[in-house]
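Next up: the structures, one after another.
Here come two complexes built around chain A, the first alongside chain B, the second alongside chain C.
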Partner chain A sequence: MAVIHDMMPAFELFQPASLDDALGLLDRHGADAWVMAGGLDSFDWLKDRIRKPAVVVELGAIDGLRGVKAAGDGIEIGAMTTLTEVVTNPLVREKFGVLFQGAEAAASPQIRNQGTIGGNLSQDARCWYYRAGWSCYRAGGNVCYADTPTAVNREHAIFGADRCVAVNPSDTAPAMIALDAKMVIRSSKGERIVDAQDYFVGPGTDITRLTTLQPGELLTAIRIPGTWAGAEFYTEKVADRKVWDFPLVNIASAMKVNGSTIERARIVVNAVAAQPMRLEAVEQFVAGKPRNEETANAAGELAVRGAVPLAHNAYKIPLMRNLVKRAIRGGDNGWASTS
Partner chain B sequence: MGIDFLTRGITPWGQSVFTHISWDLLWVSFFAGVVFLAAHSVYMLLSAHSKRASADVDALEAKLKGLPEKIQRHSLPARMFHWIMAASMLTLLFTSFLPIVGVKFAWVEWHWMAGLVLAASILYHIIHATFFMDFWSIWVGPKDIPELKSEMMRELGGDTSGPKAAKYPLGNRLYHMAIVVTGIGASATGLFMMKKVQTPFFTRDPYILADATWSWMYVAHGAAGVALVGLTMAHIYFAIRPEKLWLTKSMLFGFITRRQYLEHHDPTRWRVPGSEPVGGRPSE
Partner chain C sequence: MSDMDMGHTAPETPRGGASRRDFIKGVIAAGAAVSTSAYLFRTSIAGQPATGAGERLISITVNGQVRRVDVLKQETLAMTLRYKLGLTGTKLGCDRAECGACTVLVDDVPHYACSMLTHTLRNRKVQTIEGLAAPDGTLHPVQQGVVAEQGFQCAFCMPGFVMATVGFLKTNPNPTRQELAHGVSGNLCRCQDYDKILTALMKGAELSRGA
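After this line comes the complex of A and B, so read on.
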């Protein structure tokens, strides 16, 4: 279909100054309202005229949604905090290096200056068939153009395809799950807090969304407990370009190591399924094992068990296997840190 | 504000096509089913039931001495088909419509697996009914007009000498017709739709049919599906109605009693092996 760039459809713009005002607007307009944080995902949709919301609620004027603050032995990050603020925050760098690394891997400095942590976590799928505005499953239709004999699906899913094969493109989501973050969601009806792991949903649960957010709801903050503060972290993102690109596969891990023994670990891979995949079987396997080549190899093999490649993305299987190996090994291949 | 019957989408070639029926129609089918059940329940309070009079049954029983105590109504293979079809049908309805009403779960694999079971059971039933059963006994045609007339007269309280049901009452056969159309419609379209989801059997390929053809395939599948909601509700309702329990039991155990046979059926139209030949219409 013809895509008209740079001409946004008309909408009614609201720029509430308080969270209550924003929630009131979302309650009033329901599914007609489009929530805009940094605008980097939103403007693509709007300028391509694929999404034509009646109302846009822009959150930039709500100061209460910005900033990083200490919360007990952990931290709380406002959803409108920019990725640059996350990257430069001393608390994040000191305690949760895996998040600092994940956020710094996102896009480019200019985009990190404008893009928010809430937006990065809640952004929509980047499948270009979906983004083109065709009636694919994710758009409410009845076909997946990305999984056909002739489709270009190099970037798509190797796990969990349930009609749709789009992947979650977030750079920070794996770190949040590895850190066992809690997502604070508000609506006019109240507040609910969900584990980061449960914030993301696959197509089996809801094929038209990547997160559990429903119309009227807003991600307001992310609380990271101190459980994994100072753990040994590993982050690696493989993309076609060094900067300003979405991951082909990325990984984040947090590991507690005693001598040469892995006590426990949380390992999360993204861009291989519609939701970030926490590798619980691998985590259980490596717990109590020596941190050596043999454990890393076995963990890598275990991680990719059940993967089903599409026509052009079989490379993701060895890529993911090797990233898991490297996360177990740690070291200097990726972006390893101990705080 | 009215109901949108069909939803539309845009293909990569800019064509506007139907994507599926409006799911508002699910509620239409559901409430139509509820209204029918309520109306029928009230009607049954007022209806003069069409069971043969006890004295007539006694007379028939004396006349047809060869009738066994238990008369087989459904063979084991026929009953197995029925219950396998029922289980697959309920699985199909729940897996398709629960997500639409808000109960979210990974439904697709369950749905196509149940669909394959249904399609296989229908194929089996067609072969079984064609070669091993009285094929024409379930169909409806002009030959049934006398039965329709006499059943209507009986429902209105009249004492008619017209024919009673053969093996299957007219209502059963009309219901079977509706299930044939909707069940085969849903199954046949569903089999095509398996080319669009990941299964171990096919490579996904939406291009085997034109977008416009697919759109009608989805509309037909959805329409058959929502129709089956109302039809299934009606079927379960009749299965648990007190005056129909003898039929439900026969689908469980395979037989009806001699009295039930004589109360509800016309021995000249449903001849049971082992009975003595019947000379004329039993009610005469």
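After this line comes the complex of A and C, so read on.
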């Protein structure tokens, strides 16, 4: 598709200074309103003329949505906190290294300086058929162009395909689920709090969205409890390029280890399904097991059971299996020395 | 030729001749760039009526000066800098936050100017490549490093690399080569001359510490 380099089509821009004003605007404009946080996901849609909202509600002027603060033995992160602010925050680095590494692995320095944690968690699918404006299931049509005999689907799903085969591309979502984060969602009707795991939805629940957010709702904060603070973490992102790229597969895990025994663990893989996949069967299997090669191998095999590859993404199965093995083994993921 | 400077008191070419750059700036300032600006900003003609969501005439601080500028709601900072303010040092490469050529500093932090709405820049400080040199023309140490090491080939990406480096050095004034590479990893060079670029930017970092 040709890349258009001129001005975006016109929209009305609102820059509310308070959360209540923002929610009021979303109510008033309904389906015409487009929510913009850092804008990095939004601009592609708008510049390519795939989405043409009449109204953009830009959240950058709302101070209360930004910053990391201690909350009990955990932390609360405002949804408009930039990824750089998450990465450089001492509390995040000290207690929740898995989130620090996930956020640092996202995109590029300039994008992390502007892109927000709420936006990274709530971003839309990267399937290029969908992004290019094809009338696929996710766009409200009745075809999946990524799952035809000639489709290019190297980056698509190996689990949970239900008509649509797009994956969730977030770098920070697996860490949030591993840490058992709670997502604070506000609308003009009030507040609801959902587990990070339930924030993300698959095509069977809603084929046009990757999250549970409904029109009129905003993700305002993420609360991370102290449950896994200081646990043993592992993250790894495999992508074609070190910068900008979305994961082919990424993993985040938190483990409590006693001597050589795994007491309990949370293991989450992303970019293999429309939702980040928490591997509960693997978590149950490894609990109480000795941390050794045998456990790692068995965990890897268990993790990919039921995977169904498309024409060009079978490589994701051994990739995911190996990432799970490495998460169980733990240790240095090579990240610190290569970043 | 000098009448083509269009009121620029300090032309960049010292011997009275107008450079191509000055000519383009002059044309933009005179509002005569029919072929480019009218095309880019055509939506303002057919644009929607403003419905009370703030002024289109805004003030933004660019290179230490408060600039009053008429900005469309959907206008990006890169468009404003290049086509409204004539600051063509900021380059537009991909216009999709994927190349870094448009990198500027916003409140001292590197951002892609192609991917910010200018209306979000009210009360914030923008610095572009034009704002780096001292008023007497003395180059910024990072610019001096680039000149000293001849770091770039075609140099289309250079303003972005330099701004990304200046911003990165504010958070890490004494980086290793690898740290600086990570710091400017959001910038691409199509000449693929990264090794020389890094050498030049490391020289710039060294000169910055001495400044």
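Everything that follows uses one rule, which is that the second predicted complex is superposed on the first by the 325 of 339 C-alpha atoms of A that agree within 3 Å, B and C clash if a C-alpha of one lies under 4 Å from a C-alpha of the other, contacts with A are read in each partner's own complex, and residues count from 1 in each chain.
As a convention for this text, a contact is a pair of C-beta atoms (placed from the backbone, for glycine too) under 8 Å apart; a residue touches a chain by one contact, two chains touch by 3 or more.
Just so it is clear, the model here is predicted, and its values are computed rather than measured.
A:Gln114 contacts which: chain B (first), chain C (second), both, neither?
In the superposed model, A:Gln114 contacts chain C only, not chain B.
Quick check on the superposed pair: does A:Leu13 touch chain B, chain C, both, or neither? Answer first, second, both or neither.
In the superposed model, A:Leu13 contacts chain C only, not chain B.
Examine A:Lys242 and indicate which partner it touches, taking first as chain B and second as chain C; both and neither are also allowed.
So A:Lys242 only meets chain C here.
When both complexes are superposed, which of chain B and chain C contacts more residues belonging to chain A?
C
For A:Phe43, select first, second, both or neither according to whether it touches chain B, chain C, the two together, or no partner.
In the superposition, A:Phe43 touches chain C alone.
Looking at A:Gly60, would you say it contacts chain B, chain C, both, or neither? Reply first, second, both or neither.
second
Is A:Trp134 touching anything from chain B or chain C once the two structures are fitted on A? First, second, both or neither.
first
What part of chain A is shared between its chain B contacts and its chain C contacts?
none
Which chain B residues qualify as touching chain A in the complex?
7, 9-14, 17, 19-20, 104-109, 196-198, 203-207, 214, 218
For the complex, which residues does chain C have touching chain A?
Listed in rising order, the residues are 39-43, 46-48, 50-51, 53-54, 72-76, 79, 92, 94-98, 100, 103, 109-112, 114-117, 119-120, 164, 168, 182-186.
Over in the complex, which chain A residues touch chain C? Could you list them?
My answer: residues 3, 5-15, 36, 39-40, 43-44, 46-47, 54, 56, 58, 60-61, 84, 107-111, 113-114, 242-244, 339.
If you look only at chain A, which of its residues touch chain B in the complex?
Touch list, chain A to chain B: 1-2, 129, 132-135, 139-145, 147-150, 161-163, 202, 204-206, 308.
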